[in-house]
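Both complexes shown next keep chain A, but they swap its partner, so chain B is in the first and chain C is in the second.
On to the complex of A and B.
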């Protein structure tokens, strides 16, 4: 039993989860409105977009890479869906368009990072600008309005399933699927190996470039499809949609224990991190704290998260000659 | 190890060149199942190249490798592993964030159906650890594991691939004596399971205690191979050294002057201890020893890069404070580091900038570096050193290794130091440039500079130094005058051979 408790405490996601509980409890006590169903729905609906993207981002961060282009991709994709739908195209056509955009951006990122060995930070910063630039050119001053949004998407954004917003369910299902893949499928385990020790990964014969390429492709694909989530959430899209989202996404991952140094972290952590950041934003609102403080708190939380990581990793004691004792 | 048994691996007449350097030429190796086979040779004898050929990192240019009667498919680490060769490098390459179980099976995780079988991997690795006689928990992560334990995980990995040949490259270099004992047990265990174990070590006492056969390499060729019972330490050393030390080294007689450097009882916990020596003006003191014997650590401490926790360093009668290299530079000390790419040069900066970087104070006015002076300083030194370059504005990484080394030397000689420390001054550079570097060092000594030279090349130390100090495992274990020094004596002291 003691062993089980120790093991549980070692799980990286636990501290974040406890942090989340504490935030919810404190806020709920101070402001009972927070504890209601609508309080729950506010948080879960509010976090859906970032949580979805955080799941995808985890794929690249565990490889010690980063994808900053997701904010531009999701915004552009949301616009394209609305635009195509308003021109009379069906739902699946719109989704195919979204997926196509995501795959193209992901393939470009992946090719440049995996095969040309360019640094992902710079590559995806560049594609962030390029995609946003194209988006601005195509969208101009147009705005997608509610009547242009495909019916199915509109429905998803406004309704709940036994009290749980559909959009949050989408994020949770994605999390469970990707979580299973990352734990149980060999190619996905390679991502952890690559992020943990690149030279060794090459030495044991892991096809590093192919894995890196596919991970960026997958992240791009999810970001493209997630355009539907963004559109459903706000029922509108314009040239600035999704602006800056990438940073919230990276913050969520890091707070959730996905190490920016690679090799470690799970999609569960990333989603919990996203929910924690969202809960804090809401909590500060519920407690009447001026809104600009929420950014400061997010920043402090980020530093706390990486400091905790540092502390935990330096605390590991070298094993003795007789193994672990 | 019955001699009439069929060999598991045979390497015949292997050759391999890198650019102009012939790393292997006439390399031979025969391994039998169920033996521990020592591979010996001085630094640069070609052992590493041979191991890397077996590991699938390099492809040999000519010759043949046969494994279990079939031709060995070269040039892929994965293929080497699949054919049953496992190489354990001196620095194990585990994945710190993965569990030990996953480290054992990385890249080929066990599966149940189409998904990774975690329990199966844990069970299997636990079995492997038990088989090796060690108590490691397969569910912990590899981060923080001692080198000894990391090696065990690597060996478990080798066993899990059904390797028939397990190569260990200087596995004991970083181990304590207790850990060495455990490794020996594991190696004997492998021997009993009919593996062929290749054991590379510089410690002859270990080799004679553990191995059943010995192969010696020199200058890329195999110069001897026999059962341990037919060998002794003297014979092995003779095979390793072999060549006559030529008079390539233009050492000039120099008058010895005052004591310039005095090192008193220097020590750093876990690195080195009781280091005492003096260097006089005009004297070249060679610091010999095996790689990892603590020579570089000592000179880094003397130069003030690393701190020391015991003893003191005196330059020209003045005691220096530890941990402040720039004060040491002002006091008249210079260090040309071992790894020039990492520590000696700003690779993408120009030759001029690199040469002048230690002299910025002298050629600056109000913190602005005068470009003209920078260029002049560099070209003056370029002439003295016969540096071959197009323009001083070219980045250093466009130069050959030998010329890079000259730029590093220029950079430090420009400070006109009273004491020059050079760490492996001619590693990886061609013979011509080598003798130019030697000529320059000798000339500087004659002009009254005190020089400490760390070198793993015995001929170089013996050819250049007035006095040779030998280190082993962080201690000074021998001192030889230029006249008394022989390669056999130095190797015997450096390897801790007991004179069997």
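On to the complex of A and C.
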């Protein structure tokens, strides 16, 4: 029995999940409207975009890298989808465009980080700027309005599958698929090895550069496709779409136990982290706390999560901005 | 006599000169005194924060919360002034808040032992949230006239805006301390190898705490400059400035891996980016072009040194160790 408790506590996702339960229970007790179906839908719909991106970001963070360009990519992609659709192109054409954009950004990030061995923080900060700049140049002052959104995407954003918003289902399916891959398939297991000990990973013969490249490519591809999720969620896209999203995504991962120091964490944790942050935002609203406290609470939560992690782990103090292990 | 070696900072300086010369050809208005005054005003906040950020990145840490600290300092000034404090004391309050924010970051990184990248993403949200908590959604616009003239007027008899004074003084201090004092050498030593620095008797934790505190204070100073420039204290000011600061510091030749950089390079980079921004505005290019240029320069600042490194290691040996 004691063994079981110890084992359970060692699962990194458990504390976050308990935190989520506590938030939901307290809020639900104080404001029963929170427990209703629409309360559930508010949270799940609200979290879809960040959860999707958090799944992709996990691939990168476990390798002790970071991808800051996702916010620009998803915004640009959402705009491209709407723009192409309004010009009469079909759904699949739009999605191919979104995927293409994501692959290009991912390939550039991946090439620079994996093969030229440049720091991912700098590279993806640069692509954040470049993609955003290109996006704004092309979008100008235009706004994608609801009637320009492809029918299928519009439908996904507005409807639910037995009460569960389609967009949340998309995030959950992505999470399950990536979660399975990261648990079972060698190439994805290698990402953990790269993040834990790069030198050792190279010595045991892991093709590090290829793995890093593919992980960035995958993250880019998901960010591109997720443009559809962003578009479905808001039914609109303009030059500032997705601005600043990268920090929410990294925050969700970190809160969910994906260590910024690399080598640790799962996509399940990342999604639970995203849901927790969203639930707290909603909870504050339901409890009548002014909306602006939400940022403060998110910040405190992020710091609390990494402090707890630090307290629980026996790792040495970090010596770099990404931490060390 | 020290042997002259061509460094990245010289490259950035040449780039700055080229930008200014080309800018003069492209737009008649660019090389005018009015425009110079405008450019200085435009870059003052980023330059002031970049001074401190250079130390922090050279020491191997980072602070993403600087724009939120800037805004919180500005919000504090607005809040105190709205509630009847004199404007002078409100400014002092804003500076103290900046210092406290920096100390909090430093405490979390050095005492609790958390990675600064994650910590300062957290405090970025935390401090921004506090801005709204202080001011709500209402900016404070009725600031005393005798102060806000400092934000838009030049120093009498010159073409320089008032923000030149803190900028020049702080830049001079930062330069001397970084390159000519023990604290500066310690900063580099910590960035090159924190462990080794510790064993050679450098108080690493205390130094880092101090650097975070200084970054907070400088962000506070930038907050004061920002408040005066826009004659307003609002909760949503300077969003995203942190990336501009970091981009300027890195383009200025400071290595994100720590241990490398010069303050001259950073200042040249800040001015070069300001000059490019001005040229693009004068020839009616959209602000988007600036985003693209900033990103491209940032990439160049890591790709070129790396390419040189690869070329040199190919010439020297066949065994290349990867970091």
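In this section, the second predicted complex is superposed on the first by the 312 of 325 C-alpha atoms of A that agree within 3 Å, B and C clash if a C-alpha of one lies under 4 Å from a C-alpha of the other, contacts with A are read in each partner's own complex, and residues count from 1 in each chain.
Everything that follows uses one rule, which is that a contact is a pair of C-beta atoms (placed from the backbone, for glycine too) under 8 Å apart; a residue touches a chain by one contact, two chains touch by 3 or more.
Small disclaimer: the values here were computed from a predicted structure and weren't measured.
Enquirer: Quick one: is A:14 in contact with chain B, with chain C, with both, or with neither? Answer first, second, both or neither.
Expert: In the superposition, A:14 touches no partner, neither chain B nor chain C.
Enquirer: Touching A:127 in the superposition: chain B (first), chain C (second), both, neither?
Expert: second
Enquirer: In the superposed arrangement, does A:184 touch chain B (first), chain C (second), both or neither?
Expert: First partner only.
Enquirer: Which partner chains sit in contact with A:254 here, chain B, chain C, both or neither? Use first/second/both/neither.
Expert: second
Enquirer: Between chain B (first) and chain C (second), which, if any, makes contact with A:192: first, second, both or neither?
Expert: In the superposition, A:192 touches chain B alone.
Enquirer: Could you look at A:112 and tell me whether it touches chain B, chain C, both or neither (first, second, both, neither)?
Expert: A:112 sits against chain C, while chain B stays out of touch.
Enquirer: Can A:136 be said to touch chain B (first), chain C (second), both, or neither?
Expert: So A:136 only meets chain C here.
Enquirer: For A:298, is the partner it touches chain B (first), chain C (second), both, or none of the two (neither)?
Expert: second
Enquirer: Return the chain, chain B or chain C, that is in touch with more residues of chain A.
Expert: Touching more residues of chain A than the other partner does is C.
Enquirer: Where on chain A do chain B and chain C both make contact?
Expert: Common to the two interfaces on chain A: residues 202, 317-323.
Enquirer: What does chain A use to touch chain C in their complex?
Expert: Contact set of chain A toward chain C: 66, 112, 116-119, 121-123, 125-130, 132-137, 140, 198, 202, 243-244, 247, 250-251, 254, 260-261, 290, 292-303, 306-307, 310, 317-323.
Enquirer: Over in the complex, which chain B residues touch chain A? Could you list them?
Expert: For this pair, the touching residues of chain B are 76-78, 81, 93-98, 102, 106-109, 111, 114-116, 129, 134-137, 140-141, 143-146, 148-149, 176, 178-179, 182.
Enquirer: Which bits of chain C are touching chain A when the two form their complex?
Expert: 60-62, 64, 108, 112-119, 121-130, 132-133, 136-137, 194-195, 235, 239-240, 243, 246-247, 250, 256-258, 286-296, 298-299, 301-303, 306-307, 322-323
Enquirer: Okay, in this complex, where on chain A does chain B touch?
Expert: That would be residues 183-186, 189-190, 192-193, 195-197, 199-206, 259, 262-264, 313, 316-325 of chain A.
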